[in-house]
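Only one structure is covered here, and it is reproduced in the block below.
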């Protein structure tokens, strides 16, 4: 934790009267896998949307490698090296699987050379095929993305995010829709990503995966961080158990 | 499923194309030798379809009249009618088709200024005479010596209206409403300049869009200005709406209109509200000349609608061409020369004294008043200084 | 060379429509932005070119690029509007733009009002005045150039990015795509082509009037794109050829032509909404989203 | 009461559910658990008639309902508490409840059920005149349940009822579902919160990527190590 | 004169509101821009002519127009829109425009291109003071518009059908899942919207004494501006926007002058307003 690369500092986000995030602070180390867990509606996806600039935080600051991300537009944040996947997949459904991945390269730079050089440079096609192979979509490169099964769509989203060669990778429930076996494969892939120098923040429901893959875990509940620590510590934390199992009296009426 | 339907649509389109081709070949039947072709274009579909119908109806009637009388020196006239859709791009294609494919010897415009203006230079270049029935844009006759116009240019009618306003009606304070087309504006602005030069005060001048029906706001404003004459340019639909609107808001001053309102439809749509309205036009309903009465009756009995200015003007344009062929023969150049040399020709729209060298008609401006639901003679403007178009 | 001026006229107009439809295709087909006011930009190009040659005394060759530039600037403004106003609202806004632009032509003396603008010169080349057949050669060359440009665009990274914006804006942003700029680029490219078509039209007709650019013309262009297949390279060309020649081919039924034209549109949309060349619907990416909007909310999977 | 056989459903070109067969017996509380995107909601929506199956049959009370429009099914007693609550945001609480009872003609019965709903969620009585969208998330979920209750369902389809609720409210809504079950309503419960669902269910099915992977009594599933690992948090 | 001009604006605005209402109802439930609605409006005017001229009964003319148009509206829904529900909005929009072109030409072919007169006479007395003067017919228009709108208001707010209707407009699917026959609701939208358009057609035809094939051209697209200004799908918003537009047009025409035709003014206001508030005057962001 000495080498913090990604910082979320006292971020607050409200929708109307509903506070989705309340002064959330996270510090993520370089090449760390950091899991954010919490009950449904705890604010996990909102956190991702704020980090990636889809929403603008009401208060607080976000830094990646010392550069502020808060207040930047989504595409600027992406160009600074933040890639993400979505809880409900957002693919370019009419484009081919290959093109979906190719769009990740170059982080969206409108390169004048791209106008005459064709949409896909041979080197990019090679690299895209490698990425597709890595997520198990080797044979689907020529298909239209919209025709993929749900699980395959999730994998394609991951490949697309990896194509951006991100510094920080945000994974929103990457295991949703995968079988247990597939989830394990994915966990292994995430570890390999870490080894290749990517910092990963993931939101996950599958506790088994989350606890198994993460170096550290933060727990969100009602927009507040209620715990943070190693997976083992979190699993033993009475506050977390209470939040998950709902035995306490602390719950208020919120969505 | 959708692939199947796609095939179905493709087949439908292909079928249409084949039918179209078949028809275009069917059109290439051998020509009868003793026939001369006149082309007419008009806005048969689109926003001006009513005028397109009037123009083509009148053209059909005129050609029938000529053919029933044995044709022109024994040669029958064949009429080819085309739809320009009120579009200049369409009119250009139509013009080329008439001249090149159909081989017409003369063209009559039963259309508005914009399409006619597109056709004029093409006719000029091909040296095919063109007679515009009622299109008023100056560029039409300016295209060259093969282009003629059988209607008053805007300035003539504007001047004539000013003459009526001052000489006959003694107006001192006037308001002007003009339809925002080339025609309406030329009339309105000529009128304004002329009456102002003669010491009349112009209280207001407003343009309104073609097709406008709701005049309550403008007429309420004019009512507040209290003029003793309202000069309104526009076509019969707007004219009737102005008449009705004036009645609705209680505007009682004299209304002076123009030839666009010269239509039985004006009387029908405006009803009692048109009573007393005076217009400048080229058709005298009390004209007892047989040619006029015969046309008015024949048209109404044939098409179940009374003839209007558009019909009468197109009818005359065809008759002018036929007369020129009778005099000069069937060569386009000869027809042109004969039109240019026409004098005192009896048309439905009055006696055509002559055409100016630039191709503009010289004939008296008729002034009509609505009495008991019909147009009647009010006065005539035949001062050569007014009715001779400037060169 | 081509003897029949009739044919020359029909082919020239078809070419102009090909340029218009290809331009609209970039905006609506590739970028997925509805534009029902394309004729307004056609008109802006035509008026700009006409004014620059008749009033400013420029030659056709100088006026053409300037007309494109002027149209592009106005297109840029519409692109900016499209960032704020979406979907149905954008469709209606573009209809509004068409009405407003035509009204400006109609209501300012500078634009010749209802009289239109006349006396627009045909271009001269090496001191030789281009008449209709020669002008057609020029137009054909321009069409070839435009199609080459569209071909390059359709297979370029830029084209792919613009298509990505059509498919999912948020995902595109998260990949670092500058959606704002891409949308504006699409509008500028598409409207520039309309400006080019306008300039060619003005110097072909030698006079123009506001009605040449009224809303029904926009509908015609949109129909060409949709008929041929939006988002495909050759779809708009096929659409333009079919619909621009249809009035000529259908002349034998001239009285019923609009009837046929209208019902053709309806049937096509009912049975082959992705156009003659579209395989899947070019809009299908938006399909789920918009279907969801029509029926409530989307719920994919469980 | 509900028999689904070999059901396959597509979303556009992609398969959301393939070859699923399951049954819900009269008076049973059956749950269908699985991760996000597994196809649970799709099955529920297809049962309701909001989605057209590509293949397979859906029988309700022995009758094939696959071709029937949703409101016909609703009038036969199939009632859904949809995912995300989907109360009518511009209608008042009372109006929302009146929509729930829309198909019913027995005024007295409706009045009684309305009382029952108010008794279950007293806050709704207080807010009867308030516009739906101004309610908090929990209140909206209560309204959605109450709306289904006044429809007097025979078969109640419950979709992700705990989504986005505070734990204390999760307990409350699950208690409400249990109450309905005890009163004899047949319930088909789709839930991501497998622990909670399996606590109150009689039987359960596990869905993954559109296919059924496991089925059994709730107790069996709770004890299954695979289920434990994937859905119960270890 | 100010009072008179406001009265003029209200009369005009009432007509706008009546034409646009059907569009709003359809948009509210189906999110379809029903441009061909203007074709129904023209149909209403023609039925009015065909019935009024031989019978001389305005009531009979309005009722028959309403019946015929309701049927036409239903047929349009069944054969034009229902097959493409759920497709991107451009598809029904183009179908609608195609159908409108078809109808305009059909009227021209069947009824002839000429303007028909609809010389309606109203026995009701006019109203005249020093400041304002309204003819019997103008009063009838305002009264009819107000009556129809109040009736619609009552239907939407005070009846079971209205409740189901509002629910369907907010969430068609959930409404269907709660036993509301949404096919009937949609049908009712087309019937009522078309019937109101028919009434508007007869009244407009009679007011200006002109009925012709292309009389729907301007209303077709201007009504779009009206429903956007009113916040798409909002009935009270549409009425307010219709009246506001009628007043704005009347007043600018008189005091600002015709610097642009009124139709352009409507769209200019629309564009400017959308830039400030992209969801319409009374629209709410979803």
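List of remarks:
All chains are identified by letter, namely A, B, C, D and E, in their written order; residue positions are counted from 1 within each chain.
In the analysis below, contacts are C-beta pairs under 8 Å (C-beta built on N, C-alpha and C of every residue); 3 or more make two chains touch, one makes a residue touch a chain.
Here the structure is a predicted model, which means the values were calculated and not measured.
Looking at subunit B and subunit C, the chains that touch each of them are E.
Each step here moves to a touching chain, and the least such steps from subunit A to subunit B number 2. The chain pair with more C-beta contacts between its two chains, of C-E and B-E, is C-E. Most remote from subunit C, judged by the distance between CA-atom centroids, is D. Spacing of subunit B relative to subunit E, judged by their CA centroids, is 35 angstrom.
Rounded to whole angstrom, the centroid-to-centroid distance between subunit A and subunit C, based on C-alpha atoms, equals 41 Å. For the pair subunit A and subunit E, the distance between mean C-alpha positions equals 50 Å. In subunit C, the residues that touch at least two other chains are 106-107, 255, 258, 284, 287-288, 296-297, 300-301. Contact of a single residue of subunit B with at least two other chains is seen at positions 45, 180, 209. In subunit E, the residues that reach two or more other chains under the touch definition are 105, 171, 173-174, 258, 261, 263. Across the complex, subunit A meets subunit C through its residues 52-54, 73-75, 78-79, 83-84, 86, 88, 90-95, 99, 102-104, 106-111, 114-120, 144, 146, 150, 160, 164, 177. Across the complex, subunit E meets subunit C through its residues 30-33, 80, 83-95, 97-106, 109, 171-174, 221, 224-225, 228, 232, 258-261, 263-264, 267-268, 270-271, 274-275, 278-280, 286. Listing the residues of subunit A that touch subunit D in their complex gives 18, 39-41, 87-89, 93, 144, 146-151, 153-154, 173, 175-180, 183, 205-208, 211, 222, 235, 243-249, 251-255. Looking at the complex, you find that subunit E touches subunit B at residues 1, 4-5, 8-9, 11-12, 105, 108, 112-115, 117, 119, 128, 133, 135, 137-138, 208-210, 212-214, 217-218, 249-251, 253-254, 257-258, 261-263.
On subunit B, the positions that touch subunit E within their shared complex are 45, 47, 49-50, 52-53, 180, 206-209, 211, 213-214, 216-218, 220-221, 224, 236-237, 240-241, 244, 248-250, 265, 268-271, 305.
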